[in-house]
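Chain naming follows the written order as A, B, C, D, E and F, and within any one chain the residues start at number 1.
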């Protein structure tokens, strides 16, 4: 039994509230347990200089935490004058993951920037950011199609759903969707990003305290897949309620 | 008549939701119209090096906007590698204003940092931050007293209420609590910070487009005072609901 | 009686020496008591990118202190690698104040940069900078008109005089033009910028140690106005001696 | 057949030359094909402030490339004034991986810094850095034991061997140890770090161009394990020739 | 004949005005032709951490130019966020040169910082800074001795005079003390720093446009020596007028 | 006798290995005693913005040391976020020296960047960098001519050989080519850069511990010239072996 009463393979109570920002082309407040992230999508009708004239768009992400998102206050990166390695690693991951389900040609020469700002952190902020950013991205793309900026006759730029969860080994047990307390006791920590069709986009497993076996890895991937399927259902619901229809690839049988 | 239907001397619908952050010693989400700011108070049991051993505490503030708090996305200051002049000016103002109603000796050798993070901006973010930060500060001080960190027998560190509003001249008319659209058309813009007793703490008036007369200045100060009194009532309500009793100086008759 | 023998409403001995820099389009060494600032105006025949093609010019300012301008040596901001909040706040103020008396269309698409470098500081460096920068600006504009870069038939880009002084409350008394010693004992500190016609351009009052009443504010504004009128006379004299005729708005009756 | 004539499951010609730096406590020039990295270990007899007095040591890593290590010259990060996200991500990975096979208590309160400087890059610089840094680390620890700084009676601080290789999917085929040309055509890219006993320390798989299945992942892990075993043999040889005996955990049967 | 009417071996009109800063322990405004530099000496009763407890003092220098010291305005280094290579090279040179005539043990554990701020530049700013900084340094040391901070019975910390001049080859002629116009046409440029006794402290010769022979070098050193002797006489005069007696090493016969 | 057995006028064992980098247009590993520097030349078919359209090329240099090139590890300048003054001074020197033997018109509108990365340092890193960078530069220019990018009929862009050595005064004796130990005991330190024809390009002499006489200076220049002649012979050999024929100016008789 876990301290918050969950089963080992159970995700935390999760809500996705769309439209929380009156200016952004897409926005969602995603809450996974006590972890809360505001994700906004901004459409910019141009691409970085090195991509100009290629007919392809770009999707990128930025990530930050409010100073008091955590138990102890963190110094602002703006005050430090630079981003930490952790922040850069996370925002590179978010952008890379999202691009894996976007057809950049179908998007056209424009950039969508996903801002993931962690309002409160209780473990899993990077996986929650990916799951939420996907929703904000879909809302922005849907708006571009509705407004004719992307012709509806063109292939939909979103090729499949995308969601992410963490999984780890704590006290010898595989646990899904670690909260902060569990995460700090985990000897293995793995972040998994999967498409709606059940394919892997990113697998980042780290034996912080002890190396792990292939069996443990497989057990973690199995339960991550179940949880991510649940997250996808919640994304589908939130997007549906917001009137956005997103294509889904047909699920591949278990690998 | 104003675009949002308000009278010239009317503040926007305002709510203050306390306890929005599970870690901070004090927190509030303040919404003034479409302007939304999360204010958190962090208590640190030490003071800056230059103040050590003097038996006095310190109160300081930091201010930031999420990139998409505004109509057009702003580059993060962490990515720029430095704070803008505007940000520095605002956070210096917030800290200075709050210290004017804190007895630093009564606070004892500890620092309270107020983080004001603008989630959505529609004019008046600095005045809203001051008004909200005062509430978060009071909650943190109240907690320090309740827990015995500040003895209840000692003088209360908060000496009076503090709130702030903007006022300006638009199309020849004095208007209270400008929203973004009004602010961008104002030829005079003034931010006023006042104590509960009705005394001035900060007056910053700028004739951006045209200089102004003493009469105009007096008219602006008069209506600002009325609005700030309304803000104080909302602060008292929010603090009362959160169980925090804050001392008030007796109001001085109109100057 | 003040430590330097002045009356409460008396400004310090003030001189303005024009032409102190052989390269700048306008320059002045302004000395107000022991506060000495070199102000130079540089004309650049282009405007910032965001203003291109609008037919309007731009006026901006930079401010700095030599490391040993003060009693204790300050670290250079170039060595720190960034500007302090104080510097940014001051240079934004100087630029904003100057622009209030410049017709940017009449100036034409060019930028004038006012550099205010404090050689020695004894209180009032920001107000002294504004007063001196106005003189340097007028000299540069006069040169542009004399050389035909700005046609003499066009409206004069300077719309009125501009000067600034500080005023404060020390030991319960309102004092004009505070020196450093007085400034550090002041419980209220106010910087006032006024046009030649007696209108307000900036009012920045701060109750550093104690809030202040509307009566105190009015008393401070009254005496600031008298002092600024005296500064304007000295500016008129210095500009006249340098052969520059600057238009003046007719004075408005006391507000 | 690969462009350099290798089999799909074959690593590139690899050499490890120890003692290439006359000052460092441990050093190696590792060459994997045309990828060349100088790894040096520096022993510092103190730990970061936050670890003081806990009786534990620290192992950290830094990574950089010479500007012309690559086909096109890269701007120096020292000239840019900051580390790129890629550099930070890599050096965090190297340090984390090395720490997984170090008993920090047995190391004692000292820090070992591994500098990995890429002299020439042809794919796999991060995995080559890990493999080389492990050798430099072992040499430094061996020296500390030989000199009595770490008593020989104490448990050896190195708990097992550690090496790393990349593996990817190119044109539908799993390939081991990608060179630059292959890496730029890979649709899946995975970096694997393993202990001598065959356990996983880090698995970072990315579907840059297309998501991947669990079967593909398993095939990649299988071949990576074979290659890493070969790298370990070369490490053992190089360390043996340098007279350093490093303990090895007994290999776990295939998971 | 030179454009300013000087002989080839003649220095420009030079004045040294001491006591120009009311706070600094030593100060001088040195004017060499149109080049004007304010040099201030600041005494700090401690040394850099790495020198603590060794009974020796430290002398260091900083150098900067006001933005409009030159024909075209330069961006402030504080705004750029870093010092240019040129500035660093010059301030390292000034500090090194001054230390060559200071007995750091006799100085005692304190730091003297020489700030050289160029108010107007017309060639030779680095050599003028050295000559002026020496005067400011002597005034500060004299004050330390007069006040008893350095016992008068102890050896004088200044071991000899120090001055500097530039010399170059322009249109095939050796010229002493180049102004800006001459400097920009020089094919060889040399800065010479000499002690009062006529010994060399720094020789920095650069064939910017063409390499130079040993004969040319000798001719340049000969005339530099004559000019520096004249500068020393002016330093002696200025220091004498300020009441500071500085020891001089007996001059060595021409080398 | 010197600690490494050399005569006072003897250079250290020196090797120049060309072609050490498979990507660079020119590369050499130069070893002077235990000092090892990798020099690479990168050709970029454009010039800095301020030189565009003038038909002239540009030659520039960058210099860095690996963190453990020295006895004690140095913090990376990329981690510090800025270049030290020493680095900037050295890379300015290298670029300036190389340009003195390049005809920038004959080079055509392209930039050659010389990267000098010190792998191991034992004194003389800046002079060794100049000597090695000249070889890399020649190789790159030769390649540009061989490939027709610079027509072979055009004047050769290299006008003469260039090499550099240090010389100093240790324990009263002039010593050529100081190693680190000697350098740290030297009271005078001089870096000399000379052309193949025996002309001076740079002379930088510093009396770190004591000023020096003209006689000492002449003795140092004499021996430096002999050593540089030896370095030139080694450069000629290395370039010849690499098939690059570089023009030489006829030697001038001793000056």
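Definition applied: a contact is a pair of C-beta atoms (placed from the backbone, for glycine too) under 8 Å apart; a residue touches a chain by one contact, two chains touch by 3 or more.
Please read all numbers here as calculations on a predicted model, not as lab measurements.
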item: Common touching chains of subunit D and subunit C; value: none
item: Subunit F reached from subunit E - shortest hop count over touching chains; value: 1
item: Chain separated most widely from subunit D, comparing mean CA positions; value: C
item: Between subunit B and its twin subunit F, rotation from the CA superposition, multiple of 5 degrees; value: 180
item: Rounded Å distance between subunit B and subunit C, as computed from the means of their C-alpha atoms; value: 29
item: Subunit A-subunit F separation of Cα centroids, rounded to whole Å; value: 52
item: Where subunit D touches two or more other chains, by residue; value: 81-83
item: Cyclic chain order - from subunit C, heading first toward subunit E; value: C, E, F, D, A, B
item: Subunit B - residues contacting subunit C, complex; value: 82-86, 88-89, 91-92, 96, 100, 194-195, 197, 199-208, 210-217, 221, 252, 254-255
item: Subunit E contact footprint on subunit C (complex, rising order); value: 21-24, 27, 34, 38, 40, 42, 44, 62, 64, 66-71, 73, 76-83, 87, 113, 115, 117, 119-120
